[in-house]
Amino acid sequence: MDPLLPVPTVLPLLTAAVLAALGPVLRSRRRVLDAAAIAVAAVVTAVLVVIMVRTAGGDQVYWFAGFRPAHGAAIGIDFAAGPLPAGLAALAALLVTAAMIFSWRYFDETGTYYHVLMLTFLAGMTGFCLTGDIFDLFIWFELMSVSAYALTAYRPEERGPVQGALNFAISNSVGAYLSLSGIAIVYGRTGALNMAQIGQALAGHRPDGLVVVAFVLIIAGLLVKSAVVPFHFWLADAHTVAPTPACVLFSGVMVELGLYGIARVYWSMFGQSLGHQATVTRTFLTLGLLTAVVGAMFCFRERHLKRLLAFSTVSHAGLFLTGIALLTPLGLAGAAVYVAGHGLIKAALFLCVGIVLHRLGSVNETWLHGRGRLLRVTGAVFTLAALGLADMPPFATFRGKGWIEASAAAHGMPWITAVFVICSVLVGGAVLRVAGGVFYGLGDPPSEEPQMAAEASEETGKTDHARRRTPATMIVPAAVLAVAGIAIGSLPHIGPAVQAAAVRFQDQPAYNATVLSGAHVAHPAALFAPEPAAITVTDLASGLGSAAGALILAFLALYWRRLPLLRRGFEPGAGLEQPIRRFQSGVVNDYVTWIVIGAACLGGTLALSIR
Amino acid sequence: MGFLPFLVVAWVLVVGLYGIVTSRHLVHQIVCLIVVQSSTYVLLLAVGYRTGAVAPYFSDVPVHTPAVDPVVQALSLTDVVVEAAVTALLLAFAVQAHKRFGTLDPHELVQIKG
Amino acid sequence: MSGLVAVSTPYTVPAGLMDVLQAVLLVLVAAGATAVVLTRSPLRQVIVLSAYGLVLALLFLAFQAPDVTLSELAVGSVLLPALLLLTLGRIRRREK
Amino acid sequence: MTGRLRLWIFVAGAAGLAAFVLWGLAGLPGFGRYPGPYGDIINRVAVAQTNATGVVSAVNFEYRGFDTLGEEFILFAAAAGIATVLRRLRGEHVITTRREALDRVAPPASDTVRAAALAATGPVIVLGWFLATHAQTSPSGGFQGGVLLTTAFVLIFLAGQVLLFRRASPADLTDVAGAIGAGGFAAVGVAAVIMGLPYLSNFLPLGGMPGAVTSSGTIALVSFLVGLEVAATFLLIVTELTDQALLVREGGR
């Protein structure tokens, strides 16, 4: 057993408790708190990278309190780490590190609670990634959620945070209880909580009602967390109001953790029983593409910078789900690299928005038009990251998207490339429009919309406007993350390495054997085809095409009033306002209704189609 | 007996959700969330029950006496704590929401209307 | 609370009686949940919730889960109603 | 959505969801036929392995102790969140004199209620302590004990002694005690690692007789720490809400 495995979860918990216990002493010593949190997050990142490298040759299993399984039955809880879970956890820890460095100068108030909550959030995320036990997964899911609710409401002096946190908490709690019901149902059949053991017990039987119901209920909670349409409504409300460092984590990694959970649950518990049928692919592909398109459309019409980025996360979550839904190693590998690249880039974008808020005191695109010109470095970083969001080569997003498209094309779905390009163009175009308008003053300011102005003004007035310089602790993490988004995609051998990891993640019998009998399963290199590791002409065309399309769209959006073809006063998408308001109503009752509808429809579809 | 516990579980779940969806008072809504979660305790304990078995305590009975499943009971205990924690946090949000908005009707708590 | 010792000893309730007991308690739980949801006045709802917690605790006792019974009694019937009352007290004071 | 439209959409969805869930539940072995194996294995080996006769506590604090650790930190994070959200805001001040407090005491307690509540406080504290330290033997454990200890303070509150209550639970003390409880649990696990065992291993001697108070090694210790954390955390929550309900007065009102 690798003694490092519990460290990423236990170390932040212990530190959080120590900081809280020393609260009366540390309360006025902000720098000590900051330094401790940054150091712990950085150590956790390093440990996870080590684990990721060590597990490249085979998964590592750690049995808490030393209760190893006997005769194929687990009596304790295990951490089962492979390169993909460890890598995702490392991304989470890296973003926490960046967020804590950013916070160095971001908050004025003192107190231990912010640091404590960030650390428990980190522990929840790492535990969620590494655990091999389905109930333990629920526990870390809840720790992550509770920390996130509290962070959302961190500034209760304003009206928005409390409302956003309530919608977030109620939606996610409903989802979590559906998940727990699913766990109880599958336990009633298998008498096991270890995911490998459940998978083994279910394998070899035809998928009956119980299997389908348990699967749908368990992933319902994860779909809420990963903001898949129609489970996504809470996300924009929470992002609008949460402090920027928390947004970095929500968008950069928490949503993706939900998707990881779906993949984990599928590939270690239900996959063999459901038999990887085409209907599973079709169902989740539909959900994913619907999410991608809806998210992209909402993203483009937004004028509130944080909401705009939040909806772009919804769109990307749909694209990741598409990659996972293909059920191929290449699709999963593509989703993994896409998630890594997106997490880094989105974090950089949020940090830039945080800097704008810190210096200029607003996140309203209309008001900010041209006012960001003095933030030259921030503008450059923002533009660079925006291009990454449009999947431009050589960003990691470009690599990941290329693999998903290649895998889809190999399975007779080449049209998926078109959907991907459209979403990249819309999302990238929206963010580049912000870059051009806010930081370079290009074109005309977008029309002021009273409701959106009111939303955006919630953020104003938090900081005093006398801040003349951007602190290095804010801009450096943003720049480093944006550059890391390129670096990840350019790592040598990243293609074979990630695809080998994906092959292993999807090999359920091997996972079962590793966890339950400590077997070491080697994977012959021949299992993954070497072809997609290289960048093909199609990839380049699609990547450059979407980046170019995004740029053109951004310019059109900035200059459309000056185009001769359009009549005066035409507002693109003006007629959509009312229906959109009806959906994104801000009333949690509606959100829960949609969760119920979504779960019922998903369940019904799978119930009728799985044989 | 047979299927009755599971019917009750489904009923409690759906009734709780109905309460959340139709609620016009945040505190009422939070209580309905408690009801939704209570369905999970009943479900957990029902799947671990064994007719005629004793509770899993072996201070007065020999170890081989048939007993009900202790694991679901441990899970339910954990679940109760999670419920208490989440509910308390939600109530704190509700207090703040009332302070900021002057109302607890979810329909009027819409920040967008500013 | 002298019942504590009794709780830890196994029951000798005949199987048939146990079935009836469980069935009655299950129906009460379903009715209780409905009552909690349909009680729209928050203050009255707290009392109903407390009673619901008590019925749940009894059901858990019938399910041979004394541990969960104790927790549910402590949380569902005492702690949560107390927190709810405090919250409502805060809110009512403002509404005056 | 209008109320009526939402209701109809919900009814359709909920009917579908209920039918779907029941379809799944029909696949269970049936009520009263728990199939095992997890619980049966535990029931068979727990007493010999842990020396605890209360198997549920053995599961909570030994076999699935890592879950309980996470659960304690959920509580801990919730407490931090509540303190954050309810922390006293600008323009509000806490009433500290008895005169100011008297006209704000919410429960209009009669003298009988006060006397009964005060009289009950002592036994409740004793019982809570007993539960928190006897996890390994009877249906009890840190959580129930901790909640009961909180209840003791709620009783003081019921007795109308709000200021006494405030004095009994200064925010710093509850904060620190909660952190020590949760952190102590995590640290007990680290102690096992230092002794070369896996994290959270039971490294203390199991003692002689199964079911004795000092038996079952770390179970009793961990249970006590959980009790400390739970009592402190709920006390903190009750304190914060009480402050909100009774004592905080907004400026300009």
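First chain written, first letter: the chains are A, B, C and D, and each begins at residue 1.
What we mean here is this: contacts are C-beta pairs under 8 Å (C-beta built on N, C-alpha and C of every residue); 3 or more make two chains touch, one makes a residue touch a chain.
Keep in mind the model is a prediction, meaning the values are calculated, not measured.
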{"item": "Chains most often in contact, by C-beta pairs", "value": "A-D"}
{"item": "Distance from the mean Cα position of subunit C to that of subunit A, given in whole angstrom", "value": "39"}
{"item": "Centroid spacing, where centroids are CA-atom means, of subunit B and subunit C in whole angstrom", "value": "11"}
{"item": "Interchain centroid distance [CA atoms averaged], subunit A/subunit D, Å", "value": "32"}
{"item": "Geometric centre distance via CA averages, subunit D-subunit C, whole Å", "value": "17"}
{"item": "Where subunit D touches two or more other chains at once, by residue number", "value": "6, 10, 14, 17, 21, 25-26, 28, 34, 36, 38-40, 42, 54, 56, 64, 67, 71, 74, 77-78, 81-82, 85-86, 137-139, 141, 143, 234, 237, 241, 244"}
{"item": "Residues within subunit A bordering two or more other chains", "value": "135, 139, 142, 146, 149-150, 153, 156, 162, 181, 185, 187-188, 191, 193, 585, 587, 589, 593, 596"}
{"item": "Shared-contact residues (touching 2 or more other chains) in subunit B", "value": "1, 4-5, 7, 9, 11, 13, 17-18, 21-22, 39, 46-49, 51-52, 55-57, 59, 67-69, 71-73, 75, 77-78, 80-82, 84-86, 88-89, 91, 93-96"}
{"item": "Interchain contacts (touch definition) - all pairs", "value": "A-B, A-D, B-C, B-D, C-D"}
{"item": "Interfacial residue positions of subunit A with respect to subunit D in the complex", "value": "1, 3, 6, 10, 13-14, 16-21, 23-24, 62-67, 73-77, 111, 113-114, 116-117, 120-121, 123-124, 127, 135-136, 139-140, 142-143, 146-147, 149-151, 153-154, 156-157, 162, 181, 185, 187-193, 208-214, 216-217, 582, 585, 587, 589-590, 593, 596-597, 599-601, 603-604, 607"}
{"item": "For the subunit B and subunit A complex, residues of the former touching the latter", "value": "9, 13, 17, 20-23, 26, 29-30, 33, 36-37, 39-40, 43-44, 47-48, 69, 71-72, 75, 78-79, 82, 85-86, 89-90, 93-94, 96-97, 100-101, 106-107, 109-114"}
{"item": "Subunit B contact footprint on subunit A (complex, rising order)", "value": "135, 139, 142, 146, 149-150, 153, 156, 158-160, 162-166, 169-170, 173-174, 177, 180-181, 184-185, 187-188, 191, 193, 237, 240-241, 451, 454-455, 457-458, 585-589, 592-593, 596"}
{"item": "In the complex with subunit D, residue positions of subunit C that touch it", "value": "1, 4-5, 7-8, 65-67, 69-71, 74-75, 78-79, 82-83, 86-87, 89-90, 93"}
{"item": "Residues of subunit B that touch subunit C when the two form their complex", "value": "1, 4-5, 7-8, 11-12, 15-16, 18-19, 24-25, 27-28, 31-32, 34-35, 38-39, 41-42, 45-46, 49, 51-57, 59-61, 65, 67-68, 73, 76-77, 80-81, 83-84, 87-88, 91, 94-95, 98-99, 102, 104"}
